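Input: a single structure, listed below in C-alpha cells.
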Amino acid sequence: SDFGRPATPDEIALWDIDVRPDGKGLPRGSGTVARGKQIFAENCAACHGDNGVGGIKDRLAGGQGTLASATPVKTVGSFWPYATTLFDYIHRAMPYQAPGSLSVDDTYAVAAYILSLNGILPAEGQLDNHSLPDIRMPNRDGFIPEPEFSGSRK
Amino acid sequence: SDFGRPATPDEIALWDIDVRPDGKGLPRGSGTVARGKQIFAENCAACHGDNGVGGIKDRLAGGQGTLASATPVKTVGSFWPYATTLFDYIHRAMPYQAPGSLSVDDTYAVAAYILSLNGILPAEGQLDNHSLPDIRMPNRDGFIPEPEFSGSRK
Amino acid sequence: TTTGIVGSAAAGSASAETLADVPAREPGADLGALSARSTYVQIGRIPEAGPGRRNVDPADAINSKAPLQKLVGAITPSDLHYERSHSGAPDLDPSKHRLLVHGMVRKQLVFSVEDLKAMPAISRMAFLECTGNGWENWKKADGNLTVQNTHGLVSTSEWTGVPLKFILGLVEKETAATWMLAEGGDAAGVARSIPLTPEIVDEAIIAYGQNGEPIRPAHGFPIRLILPGMEGNLNIKWLRRLKFGDQPWMTRWETARYTQLLANGKARQFQLRMETNSVITQPSGTMQIRPGYNRISGLAWSGHGRIARVEISTDGAKTWQDAQLNLPALPKAQTRFQMDWIWDGRPTKIVSRSTDDKGNVQPDRDSFIATMGTNALFHYNAQQTWSIDQAGGVQNVLS
Amino acid sequence: TTTGIVGSAAAGSASAETLADVPAREPGADLGALSARSTYVQIGRIPEAGPGRRNVDPADAINSKAPLQKLVGAITPSDLHYERSHSGAPDLDPSKHRLLVHGMVRKQLVFSVEDLKAMPAISRMAFLECTGNGWENWKKADGNLTVQNTHGLVSTSEWTGVPLKFILGLVEKETAATWMLAEGGDAAGVARSIPLTPEIVDEAIIAYGQNGEPIRPAHGFPIRLILPGMEGNLNIKWLRRLKFGDQPWMTRWETARYTQLLANGKARQFQLRMETNSVITQPSGTMQIRPGYNRISGLAWSGHGRIARVEISTDGAKTWQDAQLNLPALPKAQTRFQMDWIWDGRPTKIVSRSTDDKGNVQPDRDSFIATMGTNALFHYNAQQTWSIDQAGGVQNVLS
C-alpha cells in the first residue's frame, strides 16, 4: 500500500495494554493485598488519602448503598461494574504524574488492595490474571446499555 | 428609533471630507504653485523625491505617453482622470504620517504644485475650489467603466 | 455586569459625545505574520474543576469553558474552543507520533502523521460537546452564573482529516469486528469503546485540521478522532491507537465516568449521542438589559442532525414564538438563532427550545428531571431559563 | 523544500523507527484561557511590498499573505487571514468609534458599535480577496515562489454583522441614491464608491464578528464592510462613514489604483467582482513529491456564487479530470477540492480550472492575457500551472 507500514508483533505488544471484562489482554502476574497496601501508601495515598478516602483527588472506597440516594458516592466499590477496568485504568493512567511506572505485579497488588478497601477481597487476599476477571463487582448489574448502541454488543 | 441618534450638521461637516469630480465637497480656499513647491519640499519630498520623482514612495509626475507600452508609468499626470481626486486624496491621507495636518489653502497649493510638475498648471499658476474641477486631466478619457456596475452611473 | 444587548467583547459603553470627540485618524501597526486581537477585547475561557468548583488553581482544572456570551455566529475560534483534558495537554512531536491500527483486521498497520495527511481528506463543520456540559444546573441554579459557566463546554469547528472508512479499507477490517477501541497518547491514555454503527463508520474522521490550521495541542495535536454528534470524550485526542474487536472494553471512561446515574440507582451506559439542545447567549446570566427593543440571540445544536426550528418564550415557557435561524443550518453543527423582543420592563423569564430534523424536541426541565433524576451528572440538555428582574438583571434559574 | 504530499505545518518527516521509539506518555500543560499553537507548528503570513518585492522591512510592507500551502479545509484562522492595509492597522477604541450615515437619506444618523451589535444580525461564510492577488505572475513566473507568494491574498471567514439593508431602512435612503461612499477610520481614510445594485444591497454586511470573535484590528476592528464576492478593498475596514449619492466619487482607490490597464493604454474601471478562480495548494511551488500516489488538493472560489466544478489536468492542460469537491460548497466562499493522482515520475505540469454555478469558467493564461494584457496588475484569475521536474520538484510556471 502507499500508506503506512505493517506493525510487528513485538511493537504491538508494547502498546496493546487494554483489558476486557473477560480478562483478555491481562498480562501474566499477581500481587497480594498486603503488598498493595504498601504500594498504595508510597504511590497513591498522597492524592487518594489513606485507605483511599479523604484525599485531595477521587475517593476510591465506600459508598455502597448510596447510589439511589440524593447524594450518591460513586467509587470502585460502589459503582464500578468490572474489576478488569481497575487493573486497566491503574496500569494505563496511575500514578497520575508517572503512569506506567508500576510493575505488572505491583499493579495487581494495588488493585487487590483497593478491592480489599471495598470489602471485595479479604485482607489476606491476592489477585492474578486468572482470578481478576472472575471477581463479581457489587454493582455489576447496575448499568442499562443504551439500546441504540447495544446492537453490536455481545 | 431604538438605534443611533441624529447627526448634527456641525459634526457632519467635520467628517464630510469627500470631493466629487464636479467639485461638490471642495472646501473654500486657494493656493499657488509657488507656495505648493515650498510645502512639498517641507512635507512631501522626503518620501516622493524632489519634483515628485525618485523618492522612496510613489512617483507623482511624468509617464505621459507610456500607458500602452510594456512598462507603463502611472502617475497623477499620466493616469489620474480627475484633479478633484488629487485634492481629496492629499487632504484625507497625506502627509502619510500625519494626514489632516495641512491647511485647506496649503492643500490647494501642493495639489497645484503636483499638477505643475506634470505640465498641467504653469509655474505661476494657482488653484481654488472653483478652478480645480474645471481642470481637464490628460487621461480623462482613459477609463472604460464596467458595464455591470455602470447602470446607476450618471 | 455587562450590557446584555451588546453581549460583546468590546469594552465599555459609548463614550464619545459627538463626532468631534472621536480620536483623529492616525497610522497603525506594521503588517506582520499574525493578526493579534484588539487590546480592547477581553476574551478567554474559564478553567474549572467540576460543578460548583469554579475559581480553581489551573493545576486543578479539568476543563476550560468557552465564552459563549462573547461569541457571535457559529464557529468557535480554535484558541477559545472548550477543553476537557484528563492529564493536561501534551505537545506531541508529530514526527514521532504514530497511529497503530490492529486487532480484528487483516492488516495491522502503523501510520505516521505524514501518511495520514497524504490520504484523501474531508472537511466538515461539527460541534463538540463535553458530556458534562450543563452540569452546573442539575440540582440547583446559582444566580450568578454566566452562560459560559452553564453551557461553555460546547464549540463548533471545521474539522479536516481522513474518513475512518478509508482506514478501514486499508487495514481490511474483519466483518465480525463491531467495536473499536480508540486510545489517546496523553498520560491518562484515555480510551473509549466505539460501536461501529453505519452512521459512525460513515461520519468518523481522523482529524489533523481545525478551522483550517493544525489542531492545537489542547484539542489533540497532531491527530484526534472526530465523531460528529457523539459525546466529547469519544472524540479521542492525541489519538495513537485504534483496535478492533467484537465487544466493548468497558474502560473507566465508559463505566465509572460518562454513565448517567438515574434516581433508582441504575446508570445509563453508552448514551453516546449528544441530545437536541439550545441556549440563549444574549441576553444571558449576569447581563443587564433595558426596557424596549432587545435582540435575543443564541445557539442550538443536535447530535441527531440539523436544527430545524428554535422557539423562544419571553413569558417563562407559557407562549412560544419561532426564532429566525441563520442559514444554512448544517448537520451536527451549532446554528445561530435570533428574535426581536420588546421588553415591557416587567420581571419575566426567557427560554429557548430547539427541534432537530429528526423531530427531537429539547425537553423542559421538569420532564427531563422526571426521566433522568438529578444525579446523572452528564448529558444535561434541558431548556435553559434566564430570569429578568425589574432592574433588567439577567439570572440563571432552573425554570 | 517541504514534502509536497504532506503540505502541512507539522515539521519534518517521520523519525520514530518502531513504536518503541515513540516517546512515553506524560502529563501535559495545565488548562488555560487560550489554547496555544503547537511549538512544532511553524505557520505565519509573509509581509510583502508588491510584485517581486518580497523580503521587505515590515515598515514597508503593504500586504501580508496567508500560508495557503499549510492550510486545510476552507476556513482561514483569523490571525492568518491575509492583510492589505494602506496605513498600518490602527487598534481603535470601540467605545469612541462611530458610524456616520448621511447624504441622500431622510435621517442622517450616528451609530455606536453597541448600537450595531444590538441590531438583527446575519452570519455567513465568504471569501475576501485582494484585487492584487496573483499579481506575481502577470509578466513572468519566478520558479521559487510558493502558493503563499502567488495566491496568498485570499481567505475565507464566517462574518457576522448587520445587513446593510437594515441600516438603509433606519436612515430611509432616498430612491435616487444609487451609490454609497464607504470610508475607513485608518490614517489613509480609504474610501470607495459602491454601486447599490440589488445584489450588493441584499448581501452587504456591516460586520463586527469574524470566525465567531470580534474582528481583529488588522481586519477592521471594531467594524468593517463585507461585500461578498467583491474586490477586497471595497470591504472597507475600520468603517466610520457611509454617504449616499447619485454618482461615484472617483476616489484615488477607484481611479489611480484598482483599475486595470489594458494593452491599449485604456483602463477598466469598477471591475468590482472577483472572478472565478482556483489554485492547487498541495503540491505547490517549492514542494517535493515522490512517484506513485499523490493527493492533489486546492481551493476554488468565485465572486459570482457557488463553485460547481473543478477540473484538474496532470498533463499540462491537455486532458482534464473532475476533482472531488468538499460539500456543501457555499456561495462566494472558498471550496476545497481534491483528486487522487499516480505520478509516473516523468516531468509534467499540473493545473486546476474552476467553474461556478453561473457557468463562468476560469480562463487559461493565454486567453486571459489576450484580453487583459500584462499591465493590468489587478484581477488576475488565470489558471495556475505548477511544473514538476524529474526529481519531483514543484515550480511556479506561467503555463
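Note that the chains take the letters A, B, C and D in the order they are written out, and that residue 1 is the start of every chain.
Just so it is clear, a residue touches a chain if its C-beta (ideal position, glycine included) is under 8 Å from a C-beta of that chain, and two chains touch if they have at least 3 such contacts.
Keep in mind that this is a model prediction, so the values were computed, not measured.
Peer 1: Greatest Cα-centroid separation from subunit D: which chain?
Peer 2: Checked the centroid distances; the maximum from subunit D is A.
Peer 1: Averaging over Cα atoms per chain, report the distance between subunit A and subunit D in Å.
Peer 2: 53
Peer 1: Please report how many Å separate the Cα centroid of subunit A from that of subunit B, as a whole number.
Peer 2: The mean C-alpha positions of subunit A and subunit B differ by 79 Å.
Peer 1: Nearest whole angstrom, what separates the Cα centre of subunit A from the Cα centre of subunit C?
Peer 2: Here subunit A and subunit C have centroids separated by 30 Å.
Peer 1: Which residue numbers or ranges of subunit D touch two or more of the other chains?
Peer 2: Residues 19, 25-27, 87, 100, 110, 112, 115, 118-119, 187, 189, 240, 293 of subunit D touch two or more partner chains.
Peer 1: Residues of subunit A that contact two or more other chains, please.
Peer 2: 2, 7, 11-12, 15, 96-97, 99
Peer 1: According to the definition already given, which pairs of chains are in contact?
Peer 2: Between chains, contact exists in these pairs: A-C, A-D, B-C, B-D, C-D.
Peer 1: Mind pulling up the subunit C residues that touch subunit D in the complex?
Peer 2: Touching subunit D: residues 3, 5-16, 19, 21-23, 25-41, 43-47, 58-59, 61-64, 70-81, 83, 85, 87-98, 100, 110, 112-115, 117-124, 158-160, 185-187, 189, 208-209, 211-214, 216-219, 221-222, 240, 293-295, 297, 324, 326, 328, 330, 336, 338, 340 of subunit C.
Peer 1: Name, in rising order, each residue of subunit D that touches subunit B in their complex.
Peer 2: Where subunit D meets subunit B, its residues are 86-87, 100-102, 107-112, 115, 118-119, 170, 178-179, 181, 183, 187-189, 191, 195-197, 240-241, 243, 245-252, 255-256, 259, 261-273, 374-375.
Peer 1: Which residues of subunit B touch subunit D in the complex?
Peer 2: Residues of subunit B touching subunit D: 1-7, 11-12, 15-21, 67-68, 70, 72, 74, 76, 79-82, 84-85, 88-89, 92-93, 96-97, 99, 142-146, 148-154.
Peer 1: Using the touch rule from the top, collect the residues of subunit D that touch subunit A in their complex.
Peer 2: 18-20, 24-27, 292-293
Peer 1: Subunit D touches which residues of subunit A in the complex?
Peer 2: Touch residues, subunit A against subunit D: 2, 7-8, 10-12, 14-15, 96-100.
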